[in-house]
Structures are given as structure tokens and as C-alpha cells.
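Right after this note come the structures.
Next come two complexes, and both contain subunit A; in the first it sits with subunit B, in the second with subunit C.
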Partner chain A sequence: MGIEDFLAAIPWEKIIIQTVNGIVTGMILALIASGLTLIFGIMDVVNFAHGELFMLGAYIGVVVMATSGSFWLALVIATLVIALLGAALQITTLRPLLGRDPLTTILATFGLSLVLQNYALWQFGPVARKIQEPFTGYFTLFYLEYPWYRLLIAALSAGIIGAFWLFLKYGKYGVWIRATTQDRVMAQAMGIPVPWVHTGAFAIGAGMAAASGVLFGPLVGVNHAMGVDWILKAFIVVVVGGMGSLGGSIAASIFISLLEAYASIWVSPAQAVIVSFVVLILTLLFRPTGLFVPTPK
Partner chain B sequence: MSKRSTTVYWTGFSIILALLIVAPLVLPEFWRRFVTEILIWGLLAMSSDILIGYTGMVSFGHSAFFGLGMYGAAAALLMVKPPNLWLAILYGLIGSAAVALFVAYFSTRLRDIYFAITTLIFSQIFYVIIFTWTEVTGGENGLSFRRPPLAIPGLFSVPFSSETLHWFVLAVVTASYLILRRITQSPFGMVLQSIRENEARTRAIGYAVERYKMVAVMLSGLFAGLAGVLYAIQNRFAAPDFVYFLVSGETVIFNVIGGIGTLVGPIVGAGFFLLLREAFSRFFTEYYLIPVGVIFIAMVIFMPQGLLGFMRRWLNQ
Partner chain C sequence: MSPDPKPMEPLVALEDVHTYYGKSHILHGVSLHVDRGEVVGLLGRNGVGKSTTLKTIMGLVHPNRGKVLFAGSPVTGLPAHKLARLGIGYVPEDRRIFRLLTVMENLRTGLDRHGVTEARKQELLDKAFAYFPVLAERRNQAGGTLSGGEQQMLAIARAMMLEPKIILLDEPTEGLMPRMVSQIRQIIDVLRRDGVAILLVEQNVPLTLEASERVYIMEKGVVRHHAAASDLKVNDAVIHQYLGV
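Presenting the complex of A and B:
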């Protein structure tokens, strides 16, 4: 068997299709994970309820779509409503825990996630809802009719993350957020209202989760348990990417989604998840600070 | 610990034990089963208290140990004829020990939040494997089997009734409590508590902190596996739902509600949680987690010591 036979045996078409798929899911994951990382970086809170905010965002998208019929309106309203909800949750549950052991915040947000998930089940029932995609064009990718909408998701997610990055870099409140992340006490001393920066950052993270929920809604049905899968993936991503590192989580999101997409050429998608577990284990073994961050001194 | 305080402690212990022994004789069938279940979940929560309360590591992966205990028992009961109770326990412990070794090796490299997240993800690995490996584990449907008789080889063999099952579970849980209590008061347990208080200093004194942590995780996993075996015997099935991380979350909830670092607190927490679930599911049906979750959050904020936290010092004497 020569090298040509080997090259011919590689399913190039499938690999290219899965590359596109992997990038699309990777961008959605990056949108969720960057909110999670932002919240962790600024206030040491591992937000267990992040997947639930994603899920509730998708549901609000469903409701707004049903009443107004406009996908874009649904995207904006869901983002704003969940951002407000996030701010309210942060003020009521997380603010009293400021300064306590970070582990208590895992417990509190785990409680939140139980409440929100069961609330969604109660309010919307166990049957999956569908969001209509804003347009239904296709283009031909080898033997597949590939929907344009999927590429739009990737582009929009990239746009939101890019805007968020610019905001952090140049916006006044973005600078506040970065300052608070670096040194909470110093930021307070410089007159930055740290508690409100925390609330604002949580709201932004929640809004980003909601936006990705609405964007992702048309690909699969919206149901009350969809948040759980994503929060677990996002946890893997933030550990692999290096906790608190925005760039690291984005790189890790795409990396892991690509690997899972390639793996699902050969095994079922349920088993392809194991690939990301393996990546996690290898990361913990050889680079516990994260794959995509500079080596700490 | 003063002599009088010791007497009070053991008197209290004996009274509660006596009440639990009498319980199945006076309670109706439903509550009899309920108390047995509290004891089993209490054992799971108590095993996790070794990590949360004594070593200061919050494990979100106890469902893996519990679940592998269940599946280990299932393997013994399905493969070996006639079904043997002690073999089920042995297989369950081997299963959970193997998982615990794996989890301990990798996750003890990390601390605090990272430890919590990695244990959570590790338990999901086992969930995915069990869920998708249908030929061996029965996949989504799980495995069902017959309950083994309560037997001591060569002496006697009687089928379990709900009373004898309760007493058997009570004996195992009481023994586990006494063993765990002894362990937490031993020099080993003291090192674990010093890791909780100040890890860097413990290392500086010269203790191999990682090794102690690994042993703590494995110990905790073994007792969690024992709880899994008991649950499998009580319910005559093993299902992937019990490997799912929500079970781990509930274990942490039991600990926080009951009071961490007390060993009995988690049992009380399990009882309180199951009672709340029972009470609320009459009004909210399957949405009982909404009020229970709110109560849990309120307890995290306003009562971080839990129900029994105020007597922690006394219970650990």
C-alpha cells in the first residue's frame, strides 16, 4: 500500500464538511465560554447557571418569535432580558457572597441552575420548541446542501466576541472591568464602583449566553435540558483554555469543537464527547494552567 | 474532651441508633423505605464530607463513585449464580475504587474550583461511557436484577424483608460512621484537616500533600461506592441516571444543608432534603426543585454552617 492509497483513503469531503461544522459549533461555544470566563476572571465565580441563562435566552427567543415573527428582534430582546435577569440574580445571590470562599459561589449558582431549569420545564413543558431561522438559503458543499444560516451564526458570534473585545480594550466601562479583574482593591481605591462593575460584567456574560442561545435555537430544538450539555462543554473549554483567559477560551472552544467534529466522522456524536475529555485529561497532565496561555513564570 | 461531654455524646448516639433500630417496626411501609433511603443517601453524603468538610475539596463527581458501586453490584449479581450479597459489595467496592484511583490521580493536581470542575467532568466521562456502552451496561435502560438473600455462608440464608434490609443498611451506615469518625480523629485525619486550613504550611512541614489528598479521594470514593451498592440492593436496578452529575450536586446540597465537617450533618441534610422533596412534590409535583433550590440558595447565603454546623466542634471531639 503506497502513500497514494493512504491519501485516497482519507475522506477529504467529510473532513472539510466537519471543519465547517466544527467552526460553527466552536464559535457558539466560544460565545458561551467567553461570558463564563469573564465572570470567573472578574469575581472568581464559576457560574453553574450559565447554561441555564443560555437555555432561557433561547426560550425568550421562541416567545418573541411567536409574537413578533422577527428573528432579529428576538435576538435583541432575549439578550437584553437575560442580561437584566443576570444582573438581578447577581445582586440577590452573588453579591452577599462577595469576599467568601469562591466555592460557595459554585454552590449558590448550582442552586440557581436547578431553579431556572425546573422553572423552564414548568413554564414551557418538556416538548422541544423550534425557532425559525431568519432565512433558509443553501449552498452546495460536496454532496450536502449546506445552510447559509450556519455560517451566519459563526460570523455573528465572531462579531459579538469581537465587539466585546473592543469594548474591553477601549470602552470606559471595559477598562473598569479589566481594572477590577486585575486588582479589586486598587480599582475600588481609584473610585471604580466595584460592586456595580461585577453586576455589569455578570449581565454582559448572561446576555452573551442568551444571544448564543437564540442563535443556536434554529439548529436544534429548544428544550429545558439544553443548557446542561453546553455548560459542561464550556467548563472543559475554560479549563483547557486556561481559566480567566478570554483568548484561551476562544481558541480552546474552536479546538475542541473541531476535534469533536472530526471524531464524529467515525463514532457517534455521543461518543465523540470522549475526545474532549481526553483533551482535558492530557491538559491536566502536561499543562494544568491551560493549553492556550503563556507559560506562567 | 471532658468526661461528661463524652458521656452525653455516646448517650445521644445510642438513643438515635435505638430509634433507628425500632423505626421499621413502628413505621408504615412507605416511611420505612423512606428512612432506609435517607440512610443510604446519608452514607453517600457522609463519604463526600471527608473531602468537603475535612480536606476542603468540594467534589462534584461523587455520582461516579456511587454509580460504579451500583454497576459493580449489578455485575456481581448478574454474572455469579446464585447471587451473593458479599460478592456484590466486593465488586461494587472494586468498581468504585478503580474509578476513585483514576479520579484521584488526575484531579488532586488541582485545587479549589478547578478540583470541583474536574471531578464534575470526570464523573461525566463515566456517565457517557455507561450511557453509550449499551451491550454491557444496558445503556439508557440500565440493568435490573434480583435482590440477593441476606446470608452468611455456612450459617444461614434468608431473603431480605423491608425490616431486615433496613437493619442491614443501618448496620453498614453505623459501621461506616464509626470508621470515618475514627479516621478523621486519627493522625491521618488531622493532616487532612491541616490541608484544609493551610495547604502550603502543611507541605512546608513535610507532609506529602498530594498523596494525602489522593488517599482522601479514594477513601471517600470507597464509601460512596458502598452507598451505591446498598442503593442497588434496595432498588434492584442500576441506571445511568445515578452516574449523572445531578446526583453529585445533590450530595453537595446534603452536605451544605446538614453542615459540613460533622459527618452526621450530611445524613441530617439528606433527611431534610428528602423530606422537603416529599413535602413539596405534593404541591409542585416534579417541579419540587424550584422551592428546594431557593431554600438551598438561602441556606448558602444566610446559614453557611448548615443545620448542625453549630455543634461541629462538639461532634468532632
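Presenting the complex of A and C:
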């Protein structure tokens, strides 16, 4: 077989389509994982309820859409409501556990996730709801009619992550968050109200999860279990990216989503998920501090 | 703002303070005080509870028994961030620079307080940069990339951003070159001239005796000796007995 045959055998069109798909899912995943990694980095809490904040965000989006008809209003209100809910949950369940064995916070957030999931089931029922996308245009990508909305999701997610990054870099509270993440005790000795910084960080993470829930809502049905798949993937991304590293999580989100997208050219999308786990296992075996962080000294 | 300390009360006082780390009893009834604008030395061998005494004042560990008073009011059990806002600055033994934050951001952690005007912030920064010009040069460099001496300067400058009434200095000269040591010595004098009280924990006995007005000597979690620094300078026996030097 000559090189030309080999090149001809590569499905270039599919690869380009899957690159776009991978970036779109990667950006949504990055939005979820950024919140998760922020929360882990600052208070060493693995938030098992993060997927449920994503799911509840989507439901609030459904409710606000139904009453106001505005997707953008739904996005903003869902983000704010879930941020407030996150703050309330942090104050009532996590703050009293700070500094205890990590197992206690794992159990607490796992319990929260069960409660929230069943609340959603009870409140909204088992039938999936739909969020209408704000516009329905398509453009032609080879043989596909590709929805513009998907590109909008990627752009909006990138915008939210970018704004979050600017806030962390330049904002007064952003500096507080980074200082507290690095050294909780010294931050406190510098007059930073660490318990409230924790609450604020949790609220921001929760709000970002809710925003991704509303953005992602139009692509799938909104149901009480929608958080589960995403949170699993977000955990993989946080570990592969390097626990607590924001840039690492974003890079890993896109990396893993692209790998899965390419894999599903040849295998079914359900099987393509295996790729994430393979990456996770390889990372844990050979570079347990994460793929996308500098080698620790 | 906190009310100004009443002139007659000591600025900081410990009364019979007992502090534990888990089950180990570290401070066995420490009593000491620091007056406004006073430099007080705290000497003793390793592991006698000097650093724990500072941490107890800062509210980083809470005593099981006894009282901590700030300007006459009890502050026992207050969280550290409230004590910092009351006017206690802390320069820990290992400096604890925020390594990934730039020099400027390290300083901002103490500057971005409620009620500090932009003009005042600039004044405080100018003052710190005047004392420590090297920090001005490296203002955009990550704290972790500074040398040990520069990190010590940053730790002190960072505490100064709180406009503290007292700074708790834990072994500021440890591991520093002689040139840096004399610079730290000078900054202690500058702070005193500005009316900032200092509680100085040091292994460097001559420096402590020179910089301080009074000295407490600790042994096994209690204060064993209390004297004017000038008396100890001429009384080697006490120093020898408790510090073995």
C-alpha cells in the first residue's frame, strides 16, 4: 500500500467534524471542571454534589424559560440561584467539617448529591425536559448541517472561563482565593476571612456548574440523572489535569474530549468513553501529579 | 476600626495560657505582656514553645486555658483574620510567602482591607519599597522565586501592610547571610521608631538583647526568666543557664 492510499484512507472530513465536536464538549466539560478544581484546590473538598448543581442549574433554566421565554435570562438566573444555593450548602454542611478527615466531606457531598437528585426527581418527575436553544441556525460542515448553537456554547464557555480567570488574576477577591488556596493559615493571619472565601469559592464553582447545565440543556434532555455522567468525566479531567490546577483542568477537558471524539469515529460513542479511563489510569500510573502541570521539584 | 488601646493597658498580654497540639501539652501557663511600641525578646532553646506562644497570640492555635488580651480586651478564641484586622501582624518562622503570587499580590493580601483608601495603599507600598528596594524591583516576580533573604523582607513588608500595632517576628534572621541579618536588625529599629511593638523570637541572642527592651526566657512551656535586656547583657549566667551559650 502506498502512502497515497494511506492518506486517502484517513477520513479527513470526519476528523474535522469530530475536532469541532470535541472542542464543544471540551469547553462544557472545562466549565464544570473549573468549578470542581477551584473547590478542591481551596478547601481540599471533593465535591460529589457538583453534578447535581449542574443538573439543578439546567432545571432552573427550564423553569425560567417556561415563564419568561428568554434563554439569556434563564442562564443568568440559574447561575445566580445555584451560586446562592451553593453558598448555603457550603455554610450548612461543609464549613463545620473543615479540617476533618477528607472522608467526612466526601460522605457529606455524596449525601448531598443523593438528596438533590431525588429532590429533582420528586419535583420535576422522570420525564426529560427540554431547553429551547436561543437560535436554531445551521451551517454546512461537509456532509453535516452543523448547529451554530454548538459553537456558541463553546464560545460562551470560553468567555465565562476567561472572565473567571481575569477575576482570579486581578480581582481583590481573586487574589484572596489564590492566597487561601496556597496557604490557608497564612491567608488568615493576613486578615483574609478564610471561611467566607471558602463559601465564595464554592458559590462561584456552583454557579459555573449551573451555567454549563443551562448551556448544555438544549443538546440533551434535562433530567435528574444528567449530572452523573458529567461529574464522572469532570473528576477524570481534574485528576488528569493535576488536582487543583485550573489551567490543567481546562487543557485536560479539551484533550480528553478530543480523544473521545476521535475514538468515536471508529468505535461507538459509548465505547469511546473507555478512552477517558485509559488516560486516567495511565496518568495515575506514570504521572500521578497530573499531565498538565509542571513536574514537581 | 478597633478602638485605640487604652494607654495604661499592655498592648498584648497572655495570662496563664495553656495550649495543646492535639494531646501534647505545649504551653504550661505562659504569662507575658508587650506594651505599645515596645520591642520584647522571647528567648529559649528549640521546642520550648516560643513559636506556639506567637501562634496563640495570632489565634492560629487556641489556648485551652488562660486568657489572651489585646489592648485590655479579651481576644481568646477569636479567629486569626479578626486579630489581623485588630492590628496584629505575623511573620512566621518559615516565612510562608504565597509562592505562586507575585510580590505585589503578596502585599495586596494585607492591603485590600475594608476602609483603606487608594492613596493610603500607595503610601504603605511606597514605605515598604523605600525600606526594601529589592521588593520594588521584583514586584511582578512570583514570591517563590525570591531568595531566602528577600522572602524574609517580603514577609515583613507583607505584615506591615496591615498597619499593625504589633508584629510577631518568629526567627527572622534564621539562615540569613550576615548582611541580611543587619538589615533585619535595622528594620526592627525602623518599626519601633514608627511606634510598632514587636515580639521577637530569636536564636540570635546578641541581636535580641541589642534590639529589645525587655526579654523573656522560656523553658519547657513556661516563662522562667524576665529581665531588662540591658541587665542580661551583663549577666551571662542566666543566658548560659537557659540557653547554654
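In this text, the second predicted complex is superposed on the first by the 297 of 297 C-alpha atoms of A that agree within 3 Å, B and C clash if a C-alpha of one lies under 4 Å from a C-alpha of the other, contacts with A are read in each partner's own complex, and residues count from 1 in each chain.
The working rule: a contact is a pair of C-beta atoms (placed from the backbone, for glycine too) under 8 Å apart; a residue touches a chain by one contact, two chains touch by 3 or more.
These numbers come from a predicted model, not from an experiment.
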Touch check for A:A108: first (subunit B), second (subunit C), both, or neither? first
Is it subunit B or subunit C that touches the larger share of residues in subunit A? B
A:R100 contacts which: subunit B (first), subunit C (second), both, neither? first
Looking at the overlay, does A:M186 come into contact with subunit B only (first), subunit C only (second), both, or neither? second
Now for A:V194: first (subunit B), second (subunit C), both, or neither, which partner does it touch? second
So in the superposed three-chain picture, is A:R178 touching just subunit B, just subunit C, both, or none of them (first/second/both/neither)? second
Would you sort A:Y119 into first (subunit B), second (subunit C), both or neither based on which partner it touches? first
Report, in rising order, the residues of subunit A that make contact with subunit B in one complex and with subunit C in the other. none
So, in the complex, the side of subunit B touching subunit A is made of residues 58, 60, 106-107, 109-110, 112-114, 116-118, 120-122, 124-125, 128-129, 131-132, 245, 249, 252-253, 256, 286-287, 289-290, 292-294, 296-297, 300-301, 304
Taking the complex as given, what residues does subunit C use to touch subunit A? 58, 60, 79-81, 84-85, 90, 92, 96, 98-101, 105-106, 108-110, 112-113, 158, 162
Using the touch definition up top, name the residues of subunit A that touch subunit B in the complex. 44, 46, 93, 96-97, 100, 102-104, 106-108, 110-112, 114-115, 117-119, 121-122, 232, 235-236, 238-239, 243, 268, 270-271, 273-274, 277, 280-281, 284-285, 288
Per the touch rule above, subunit A residues touching subunit C in the complex are 172, 175-176, 178-179, 182-183, 185-195
